[in-house]
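Both complexes below contain chain A, partnered by chain B and then by chain C.
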Partner chain A sequence: MNLGQLAWRNIKGNAFRSWVVFLCAMVVAGFSLSAVMIIRGAEDSLRLALNRLGADIIVVPEGAETKVETALLMGKPVKVWMPQENLDKIARIPGVAVASPQLYLSSLSNASCCSVSEMFMVAFDPKTDFTIEPWLKQKLGHELRLGESVGGSNVFTPEGEENIKLYGYFITLKGNLTSTGTGLDQTMFLTFETAQDVARISKTRAERPLEIPANSISAALVKVQPGSDPRSVALDIMQKVPGVTPIESPNMFQTFRQQIMGLLRGMLLILSITLVLSLVLISLIFSMAANERRRELGVLRALGATRGFVFQSILAEAVMLAVDGGAVGIALACLATFLFRDLLVRSLGIPFLLPSLPSLVTLIGGGLVLALSGVTLAALIPAFKISRQDPALAMRE
Partner chain B sequence: MFKIAAAIIVVLALVIGILPQFTDCQSQGRALALQNGKTVPMKCHWTAIAEIGMAVPLVGVGTVMGVSKRKESCRIIAGLGALLGIFVILFPTRLIGVCASADMLCNSVMKPTLILSGIVIIAISIATLIISERQPEQFA
Partner chain C sequence: MIALRNVTKTYQVSKEIAVMAVRGVSLNVERGEFVIVTGRSGSGKTTVLNLAAGLVKPTSGEVCLGDVNLWSLADREQSLLRNRKIGFVFQFPSLLPSLTVLENVALPTIFGTNHRGQDPYERAAELLDMVGLSDKLSAYPRQLSAGQQQRVVIARALIGPPEVLLADEPTSNLDEQTEHEIMDLFRDIHTQTGVTVVLVTHTSQLVSYGTRAIEMASGVIVNHQI
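The block that comes next holds the complex of A and B.
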């Protein structure tokens, strides 16, 4: 009988003890992996959302910063307005390369004239836009025409229909942008011209008309000239354009960053408590097991087994349980995080993007190493103690 | 070992049978409105009903697996468990489906729970099948 077979027999010999160690390893590996996946997923999602926006500065009406950030990140529709003349003022500021306006709109909630309820809609100006237009030219080969739109990865035409009905107006979905894990995935992008056409048609066909205040915009996306400092341009905008707040790209989504940091702290605390409790429990179980098997191990030593063999047999048992428990915990954590990602996003209030395959493999490796090192560490002292015991004494007791 | 597997299957069968009844759109007061003013349940409701048909035999599978002492019967029961697990997954994903919107509870809670439960049942059934193959006749 080799070391592995001996360890496996010992595992089967005391099912209850083995199950407890298995469950501890499963919880440690599964919980640590899902915690890291959620935090990293939220960070990746924020980074992608910033890249998607592609602006150095976003200028929003004063006091509407959090509302706009929530709309862009969580897809929660927002209605904020500022005079269109602000756009000209912003464009004239030294260092500004392009200033492009956007209108933030939303579909009606539970209305028969809208096939999608409360969807965030962003209207952009194709003449100045630098966020959607490059993608359109690359993927579609042309600009959006009247009545056409593109959507985030989760925007789709309802089953059995050819168009998306909004305010009684039929919009054709021409394509979907790649997933960011944020509210941008549930956002529809259309041109100013289409938005105005929807507003015009909605007066006769919708339960409530789409209202776009005249000469108003919701936000202005700013790209600074190469070599210009975005911070000084933002300061200039704040001084020269009253009633607006410029948000520099690195400072975007601060509320969500703080939320993620809070979540990280909470998860680290729970993870530490789980890890410490599991280690103590596993250590106690292996101490008990070593005491129970004192005679058996004494006989093994008397039959010629070395101290090293006894020590290794207990560690092999710990490693087998840790690997099995860790693997099951990791599989369950991956499955649960993947399947319940929408629920996670909504209940935690943060964006979330699933990790890429290489990143996932690294995380899985990390989870397994944590479970393995934790269980092995906890079994180390009992294994060392029992292997040092005199076989004659052990058999007599 | 088999008793633990049986207990897990019974618990999951109860989840499969009960949870969809409280997470489908019908239970949330949502229904499809027809042009004549009548309302009909959304397809997630029919998935929830179909899952009861999967949960009941799964409870039986779990119970028999827990008391069975014969290798043959355990093997058949494990095979049946795996088959039912596949159907638990197929109803919300392929055969009937759930509502498309990610905001709806049937999509964000019911569907993932059923898929996860189905996968776990399949995994346990396959493991039981393999272990029962290797074990001598009296294993329970």
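The block that comes next holds the complex of A and C.
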């Protein structure tokens, strides 16, 4: 038998105390991991969404900022329009390299003419687009043809069918973009030409026609010239193009950033309270256990255990419980986050992307270190005190 | 073997109150002796035993085991010395409840006991056989009677094997018949192994088991009997 085995037997022999410490470690590790996963998942999601759009500035109709952001992040369809002539005005502003128009459309809700209900659809102009085109050239090797589309990572052709039916029009899904954890994953991308064709066909085949107002666009994605300041360009757009709001890339999704910050503050507060309460509880439990076991630990000293051994044996129990509890907490947190990620997105109203494997390993390590250091810290003072006590006095009490 | 030279031990109960448990005691226990220390409650006999084991630091005086002054050693060395040379039998139930009987007996070996290369569990089984508990190796302390538990404690004290066996009122919680069985066991162990025994008891009738008896009262030795 060695110190570790002795500690393990003591853990098994003191079921109630062990369970409480185990549960504390589980809660601390599990909750901290969940909190960090959610916050990082939301931040990663925002970052990827911005990268996906690839624009320095997004110009939307005045007052439609939040609607457009919600559509792009949460996949909630939006109908906003501005005159197409705005695009020419924007393109002429000094510092603008490219201005590419987009149409924001939606499939019908629970209609037999649409195989997907209320899907957000983005139509783009292949001549100027810089969001989808680079991906298309790399993955497909050609531009989208009439009747073709690409989808976010969660857009699929219905089982047993070859095409997606929208407004009675059959669209071929040519590929899927990588996941961003945002509404872009549930969004279909198609060319202006296909969108117009869908609108034309829908008049005779759909329950309700797809209406695209003439000479209108929903948004303009702007790339500024190298060396130009996106902020100055955005100010210029605001001054020279009435009725629009330019959103600079760093300010994009501001509402969601504030939501995430609020969530972060709330979670940090709960985490701090949980951590402090757990540490106090664990410290109390180890103090009580040390008192209960004074005689037993005095006997160990009489049998030849050094102060160091007594100290280490108590810490070994704490470490074992922290590792076990922490591991279970982490496993539960991972499982719950994975299983309930959709519910999470809906209830918190923020985008979410599961972390990559290397990132997850780092987070798991962090959660374990937190549980381990917390429990060990809480057990440190009781372990030190009991190891320093006079063995003869301890045995008399 | 054990030498207490003019040893005093004062316990500071509070800032104002100090209790002198042992007053200037000098005692020599020779190798192979079986010394019985008697006295009423509070006479200082348990303190003398704890002083001899190095479990209590004397307020003044010297405690030596062999040629070594126990309090000249660091904690690690003192613990190792205690582990290798002293076997302890306590008044109270002192077995670890989460360990089996066999594991309890082998327990001191994890603190560095030199058990002459023999497998500690094999030796523990031999000792349990010697104390008549060879059928209880896998039992837990709670499954044993008080007398059986004390036999296990005696087996544990012998695992070293020790040069000195210190027993603090080992029969105080036992009925009369079991008390005599345990004392017979001590006598047999002393006779068979030649180990030095110092046994503290408040029962003066047990002095016949020893080779020497000492009586204590109010922290001093009041009577030596050979």
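In the analysis below, the second predicted complex is superposed on the first by the 397 of 397 C-alpha atoms of A that agree within 3 Å, B and C clash if a C-alpha of one lies under 4 Å from a C-alpha of the other, contacts with A are read in each partner's own complex, and residues count from 1 in each chain.
Here, contacts are C-beta pairs under 8 Å (C-beta built on N, C-alpha and C of every residue); 3 or more make two chains touch, one makes a residue touch a chain.
Small disclaimer: the values here were computed from a predicted structure and weren't measured.
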Side-by-side fit of chain B and chain C on chain A, or clash: fit
First (chain B), second (chain C), both or neither touched by A:336: first
Touched partner set for A:111, first chain B, second chain C, both or neither: neither
Chain B versus chain C as contact partner of A:238, first or second or both or neither: neither
Touching partner for A:267 - first (chain B), second (chain C), both, neither: neither
Touching partner for A:327 - first (chain B), second (chain C), both, neither: neither
Which partner, chain B or chain C, touches more chain A residues: C
Partner chain(s) touched by A:159 [first = chain B, second = chain C, both, neither]: first
First, second, both or neither for A:319, with chain B first and chain C second: neither
Which of chain B and chain C A:97 touches, first, second, both or neither: neither
First (chain B), second (chain C), both or neither touched by A:15: first
CA minimum distance (chain B, chain C), superposed complexes, angstrom: 10
Interface residues of chain A shared between complexes with chain B and chain C: none
Parts of chain B lying in touch with chain A, wherever the complex brings them together: 1, 4, 33, 100-103, 107-109, 111-113, 115-116, 119-120
Chain B-touching residues of chain A, taken from the complex the two chains share: 15, 19, 112, 116-117, 154, 156, 158-159, 186, 332, 335-336, 339-340, 342-343, 346
Touching residues (chain side chain C, partner chain A) in the complex: 46-47, 50, 53, 55-56, 75-76, 79-80, 82-84, 88, 90, 92, 94, 96-99, 103, 106-113, 156
Parts of chain A lying in touch with chain C, wherever the complex brings them together: 1-3, 6, 9-10, 12-14, 295-296, 299-309, 390-392, 395-396
